Amino acid sequence: MNEIVDILLSTGFWAAAIRIASPLIFAAMGELICERAGVLNLGIEGIMVAGAFAGWMAVYSGAGLWPGVGVAMLAGMAFGLLHGVLTVPFGLSQHVVGLGITLLATSATYFAYRVALPEVTSPPKIAAFASYAIPWLSDIPGLGPALFRQTPLTYAAFGTAIAVALVLYRTPLGLAIRAVGENPAAVAAQGLSVTGLRMGAVIMGSGLMAVGGAFLTMSAFDSFFFEMVNGRGWICIALVVFGAWRPGKTVLGAVLFAAFDALQIRLQQTPLGAGVPYQVFLMAPYVLSILALVVMSRRASVPAALMVPFNRGER
Amino acid sequence: MARHEEQEVVLRLEGITKRFGSVAANDGVSFTLRRGEVVALLGENGAGKTTLMNILFGLYTADAGRIELFGRVLPAGQPRAAIEAGVGMVHQHFTLAEGLCVLDNIVLGTRPLWAFGSGRRGAAKRIAALMADYGLRVDMDAHVADLSVGQRQRVEILKALYRDARILILDEPTAVLTPQEATDLFDTLRRAVARGLSVIFISHKLHEVEAISDRVVVVRHGRVVAEARTSDTPPAEMARLMVGAEIPAPVPRPVKPGPVLVDLHGIGTGTLREVTLQLRAGQIVGLAGVSGNGQGALADLLGGLIEAETGILRIEGREPVRWSPRDAVAARIGRIPEDRHGSGSIGDFDLSENAILERYADPPMSRFGWLNRRAARAAAERIIAAYDVRCLGPDTPIRLLSGGNMQKLILGRVMAIAPKIILANQPVRGLDIGALTYVHGQLLAARDRGAAVLLISEDLDEVIALSDVIHVMSEGRLSPGFARGAKTPAELGEWMAGRGFAAMEVWGAA
Amino acid sequence: MRLEAIPAPSLARRIGFPLLALGGTALLAMLLAAIAGAAPLQVVGLIAKGAAGSKFALLETLNRATPLIFTGLAVAVAFRAKLWNIGAEAQLYLGAVMAVVLGTGALAWPAAALLPAMAMAAMAAGAMALLVPTFLKTRFGVDEVVTTLLLNFVALLFVSYLLEGPLKDPMGLGWPKSAALIPEARLPRMAEGLRLHWGFGLALIAAGLVWVLQVRTIWGFEMRAVGLNAKAARFAGMPVTAVLIRTAVLSGGLAALAGFSEVAGAKGNLTTDLSPGFGYTGIIVAMLALLNPLGVVVAAIFVAGVFVGADSMSRAAGVPTYIADIVLAAALLGMVLAIGLGRMRVRRG
């Protein structure tokens, strides 16, 4: 037991938790925007893969780090556009389209990787985002090194979450997005475009998912591997449910989740963990996500029009 | 009152035509609306009133015709343009986001999307002023999901007023209200008119049209068949114009009620409170009340979808051991569901499959788990012939049928089990007059054959016309039974509003 | 401009759009080939030749189609009842595990008894794997899409643990793989000298049985009804939860048979790369087949052909094999769009 307490009290552990949470926050915010507007985006896993590759490839090809993030975002937005066109004006099954986007984005990424780098055996590295200690704040004992010696992309993740919350709850646009996920007819009756709002949300959300993927190749690691997203997209969908479709609670869920993940990594290296097959630790995030879904199922307030296509249909 | 003929024309519709496939929902409709005037748009269900208003509001685009608002031509198909020109519409099905609060619903779409800040404080002030001016009380911070239907309607009206509407369109506004709430609504409308607003009031209820409107425009089969000052037109004349020919109201012949087939005693569920009710053979029991007051729960209970938490349910004197939809059908309870698209049919199934939905597990429809498609087809063909279902044959997907024909198939399915008990939940909602008369006739015939019928309807007139005994539901409570003619509509309205139950409880205690 | 549902679309509409979608994916394949610096027409030709250009190629395609028929059926059955089973991958692996547990010597039975026992055990394991998410759905209302997806990762880690622990091949030189199946536990070839095992025959039989079940029995009637309108099905007296459970058992069982057939028919042992995503590809197969069980057979052979063809093309033309995955994912989206367009028309105003 002492081992666990030691881990929980170390700043390194919390720094890791914040780092692990960052890509989840980007992607979960993306999913949250889509779902608040009434569109389930199961393309998230593939879009993260595409973003991870696109951002990394851009930097590898000579672009700066922030332009690389922009490239990742554009790649995500392109897949978001495709998802949006198929699910919003055409009203096709969000389940099937989302899975199709994931399959398409993943395979297109792998194809592009093979075409772009036919000869390499081990993936090349880039100069990834370095950590940046925020003056003053990073000197706070305990908390400072954990929270304020992260890479700029981590700060951006938390900034994004705050921005999403402000837009959703403090602007007319956010009100319209929330309303379109509750009852598109109410939005249409005000002369606002349901299609425009939902498409915009899916495109923006997909862009954020891709940045979440790019975090993996540009901040957490410095190169691109197949299978590196490894179900994080699906976990983000669970996080949005866990966060009851609210940005703050979703960020909290992501940090909690990341803390468990960081804990299991550290536990593996202790004598306590050595006796347990490492697969058990690796399973923990997925099992935890499922448990979170079960626990939250009763309280969750789903956007009423989630997965309900809107057709201004005449009869 | 000022003479409306002298006021400026605020709205002019000219030759509006709209076709859906081969059906003309509106055919050359023209009329005008003046400042400070209430025009009633009177017509049966399916006459084309709602389509016309959706065109005016820009939700549909007309195939021909033009709309002038305050002297300017309104561009077609743009709700935004209609709103900005001062049209406010209260739809029959409210367009509110239930998960949001009242204030958010009201301000939705009133500020540019890309503006900063929520502007809630200023909005709240304006809304409070509007509430005071028009006598519309609602809690601004409440979630719409927690409001009653009447309160939601007030939110819809506030939405229109908040957008500076000069013309209010109300589509069947009283269908969901208690008589008292309707009176309050009329009061609000009078205040609006006094402030120079104009109102289009869509209805098929003559007494309301009489009470509120200055002029009446009668629509039938998509055409304007008459336009007159309300005070010059006797109700009987309006009815004749609306329906086309005099349709004699059904006059149920007296039948001596038989034994009690359904006996509910002190039933309690999540919504029902101590409901005690008896249904007798050869009797139609009508259940009046504003929807959402427990009628759904009572229908679900009798239909086998839920079980009572407290109290006793007896069918023909016996308490059923198990209670499910299948047990209900086995007890020969014929069920006409409230929502024929959602619960009564499976849209992509064909007529034969829909015809056997409740009987597929029993011979001859299936044996040892194997479906007998021929038997299903024969069953569908029998219903099609006997109940005059207009369709292309038993292989047609049921979603292609009109509401009336769909209801006839469901009716045929109900009658195929030779029901002893019939549960008819809103059996004629949205049907045209022909189908409506047909369904009512069938229910009366079933009663005369000795079936016990429970008729649930929001339409008080329908309940009064058909029922031998009337109960009123309010907030999950059931009034005592009133024999045919024992109570006036106004008295029943008092019960619908929840008054009378208190006195009942006192008697119960005594 | 808006889209409007057509009440009764013409046959030309219903067939024309899907054909257009397939044509579009062929064009996409050529575009991708050009991007990879190869001659587009040659690449498509090589894929076709690699898939069906010789008896060997054709048999390879049918062998590859076998697990896809099973997973395609699993998805088709589940989606028909609107049970979103994205976990065929997990069910496949659990089926494979059961085949290994019983087939590596634990049961010294003759083939005629052992093979059915392995198949039954596999189906039971696959069914269990889908019953958990189905229970969470019916009991707690937890969306099964996410849970089945997450369980895929759990199942694969579980298999990895088994292959490094209890099921590890003692002769495996440290590689994480299971011991080889005993000869009695291997599915025989369908004909002497033909490189096609009985897994394929079993898959065809399964497709036929599923078709009969769906179209001719009351269980199928209930599954279709629940999928199209669960509320009406419940109102009519159908046991909706029981129907979903039955569907889960059938769907999970079918997916598990893919694992059984791959282990007992094709590979002879279990590794963690037994399935290159057969479970996910089953979704493509089922959608291309419009969820029709007999169509699944055709779609699975087509999809397998694209994969096998792309493998052989890749060796010859140097275009990455992922071209097959892209084309098939695009075909999935194109087909869904085509079905939608077949039922809609664009209308002005």
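Per-chain numbering from 1; labels A, B and C assigned in written order.
Here is the rule we use: a contact is a pair of C-beta atoms (placed from the backbone, for glycine too) under 8 Å apart; a residue touches a chain by one contact, two chains touch by 3 or more.
If you're wondering where the values come from, they're calculated on a predicted model, not measured in any experiment.
Taken pairwise by the contact criterion, the protein chains are fully connected, each one touching every other.
Of all chains, the one whose CA centroid is most distant from that of subunit A is B.
Chain centres here are Cα means. That of subunit A falls 28 Å from that of subunit C. A straight line joining the Cα centres of subunit A and subunit B is 45 Å long. One inter-chain figure worth recording: subunit B and subunit C are separated by 47 Å, centre to centre, where each centre is the mean of the chain's CA atoms.
Each of the following residues of subunit A touches two or more other chains: 312, 314. Subunit A makes touch with subunit C in their complex at residues 42, 82, 86, 89-93, 95-97, 99-101, 103-104, 106-108, 110-111, 114-115, 118, 230-231, 234-235, 237-238, 241, 277, 279-280, 282-283, 286-287, 289-290, 293-294, 297-298, 311-314.
By the touch rule above, subunit C contacts subunit B in their complex via residues 7-8, 216-221, 224-225, 228-229, 231-237, 349. Residues 20, 58-60, 78-83, 89, 91, 93, 95-100, 104-105, 107-119 of subunit B touch subunit A in their complex. Subunit C meets subunit A in the complex at residues 2-5, 32, 35-37, 84, 86, 136, 140-143, 145-147, 149-154, 157-158, 160-161, 164-165, 280, 283-284, 287, 318, 320, 322-323, 325-326, 328-330, 332-333, 336-337, 340-341, 344. Residue ranges on subunit A touching subunit B, taken from their complex, read 169-173, 175-176, 178-179, 182-183, 185-192, 301, 303-304, 312, 314-315.
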